[in-house]
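Each structure below is given as structure tokens.
Same chain, two partners: chain A is paired with chain B first, then with chain C.
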Partner chain A sequence: MAEKIKPPRMRLPRKVKQDEVFKVKVRFDHPSFTGLGRADVDETKFNRAVPSRFIRNMLVYYGDDLVSRFRMSSGIADDPLFTFKLKAVKQAPIKVVFVDNEGERWESSKDLKIKT
Partner chain B sequence: MGKAASPGQLARAVVLGLGLALSAAAYAAAVTEEFQIQGLVSPASPKALAAALEEQLAVKVVGFDLRDTASGWPVMRVEFEEGAVTRDDVAAVIDQTEDPTGRMFKVHAGPPVLSVAPLAEEMTAAGTLGDPPSAALELTSPVEATSESLARGLKLYVANCVKCHGADGGGTGPSTHGIDTDPRKLWVWGSAGDAADGYLFSVISDGRTDMPPWGLVLSENERWDLVNYIKSLPPPQ
Partner chain C sequence: MNIDEGLSRRRFLRYAMVSGVAVPVYASTVIGNDAQASIQLPADPDNLTDLEKLHIPKVTIPPVVEDGSQAPIVVEMDHPMDDDHYIKSIQILNFDDPIVIKGKFYFTPVNGEVYVGTQIRLDGGEGKVWVIAECNQHGRWAASRSVKVAAGGC
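After this line comes the complex of A and B, so read on.
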């Protein structure tokens, strides 16, 4: 049943100028369940129905530096798309790391190229 | 069959006798086991699960407690004869059965895993946020704790903080589901003096671990109203 979750996909501009502010887009196909559901038609309150599963953390590294950290809760969407900005201070890989509430970890990385 | 009538009959009688004895023993040891079930998500779920179990194993589903169970998970009670079927057999069938909605049922094996311990990498990342600068700790509230300030503080508190810290400041708001750090009990600051101002203001402004940095969202005066409000929270009765 459960499909294997693939690493996130990241998109960077092909080339950026030194010190330019650029956008990073990250798409991560990961399910999101709060773990709550209704087990009965007449049920007026929510019960536990399925185990909760959601993305807990996204860490963004620029070269060796941790430059941003996103905390998520069970309110996060399925398969979210993240867009954020970074400043091109150096030519180095950008890496994103995802950790979900079960402690599973995924990462992907891409080189940022600076126009010379 | 016909030729060895007498020994055959004897054998059959023995088998029959043995069978009776066995089933009598087994009947005496009929057990009812409870299973906490994950995946009972639709009204048709209990019926589908009971049908699958009774079809595949010699068991009888004697009932469901769908709500108000001690653990919060729905409970299914299954009766079977000890020796003929084991708890593991029943669990295995449950785990292989699909709900009509397409999800698999599962025997719930323990308290829900809302969050396993953070990875070392996450801990390091959290640590990089650091302690409040010591200068910030010296601050005292420039906004007097008047009833207007407290009223503004209450409004801001309800809009922004209750989801984690709870209405009474007890730290059990609904959004605590899914974060790793317990939001602090804020009522402990209820009778704090001015010395706490700088600390509270800097934590509210800059955040810490799972506490968001409200300095990005709320004005300085609004944050002082919140400090005043927190210092007025009564301890729980």
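After this line comes the complex of A and C, so read on.
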């Protein structure tokens, strides 16, 4: 039986100032196979050897708004760490949703706290 | 405008067709330099104009990658992220790999700054990683970095 994939882990700063731009780091332990292989070492062209498996989409929600989207191929590494920035425009949860090429879905959410 | 001297026209068009950039590049090379329809490259990489400084993506990738299955890449830009002027997307490609398109990151003004870091798979040998940034007002801009990969990761 295939190993169960755990939900992504997200890291946010503990507290940010209003309108501060901060980094979000998301680690997702998901396998990525291009499914390509060479029949022998001397061969120059790749063939489809096994079915591919990879993360297709990462959706970033800030409150109820979809603020970023990353559409990927099997050219993204195994267990990738994604880093991107957001502007602290409101106190609201940040949610990342991952969907892979088989349609499976995982998500993780954290509350963003703004210093008053 | 020449995209890459090391890349044949036929090969570039074949891959560009797949990635959806063929029409804009063809338009820029044949028709002219319409900002919305073409991919723009710096005329002189050592002396960037103000517009180029704002729109050419800064790509950080090690020049030599030991393990092609985990090549770290960071793309950042100094471009403003205002409601009426912002970067819509960043696309990462390598025309030398069997998987040409690595991914496309879509931004909104709520991102505040253009910054994306991830890890990509690269095939062994020498190659060039391309990043195409799309501004909502000034069209598409490209930057590239040469990279040598010791052990291919595709």
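In the analysis below, the second predicted complex is superposed on the first by the 108 of 116 C-alpha atoms of A that agree within 3 Å, B and C clash if a C-alpha of one lies under 4 Å from a C-alpha of the other, contacts with A are read in each partner's own complex, and residues count from 1 in each chain.
The rule is short, and it goes like this: contacts are C-beta pairs under 8 Å (C-beta built on N, C-alpha and C of every residue); 3 or more make two chains touch, one makes a residue touch a chain.
Please read these numbers as outputs of a predicted model, since none were measured by experiment.
With the C-alpha superposition on chain A as described, chain C and chain B clash in the combined arrangement.
Using the contact criterion defined above for the overlaid structures, shared-chain residue A:K115 touches neither chain B nor chain C, since it reaches no partner. Of the two partner chains placed by the overlay, only chain B lies in contact with A:P51; chain C stays clear of it.
By the document's definition of touching, both partners, chain B and chain C, reach A:T34. In the superposed model, A:S74 makes contact with both chain B and chain C.
Look at A:V99: by the touch rule set out above, it reaches chain B but stays clear of chain C. The residues of chain A shared by its contacts with chain B and with chain C are 34, 69, 71-75.
Touching chain C in their complex are the following residues of chain A: 21, 23, 32, 34, 36, 46, 62, 65, 67-78, 80-87, 89. Interface residues of chain B facing chain A in the complex, by the touch rule stated above, are 38-41, 43, 45, 66-67, 71-74, 98, 103-104, 106, 112-119, 121-122, 124-126, 128, 175, 177-180, 210. By the touch criterion stated above, chain C contacts chain A in their complex at residues 69-71, 74, 81, 94, 97-121, 153-154. Here chain A touches chain B in the complex through residues 1, 34-35, 37-41, 43, 45, 47-52, 54, 56-57, 59, 66, 69, 71-75, 97, 99, 101-103, 105, going by the rule given at the top.
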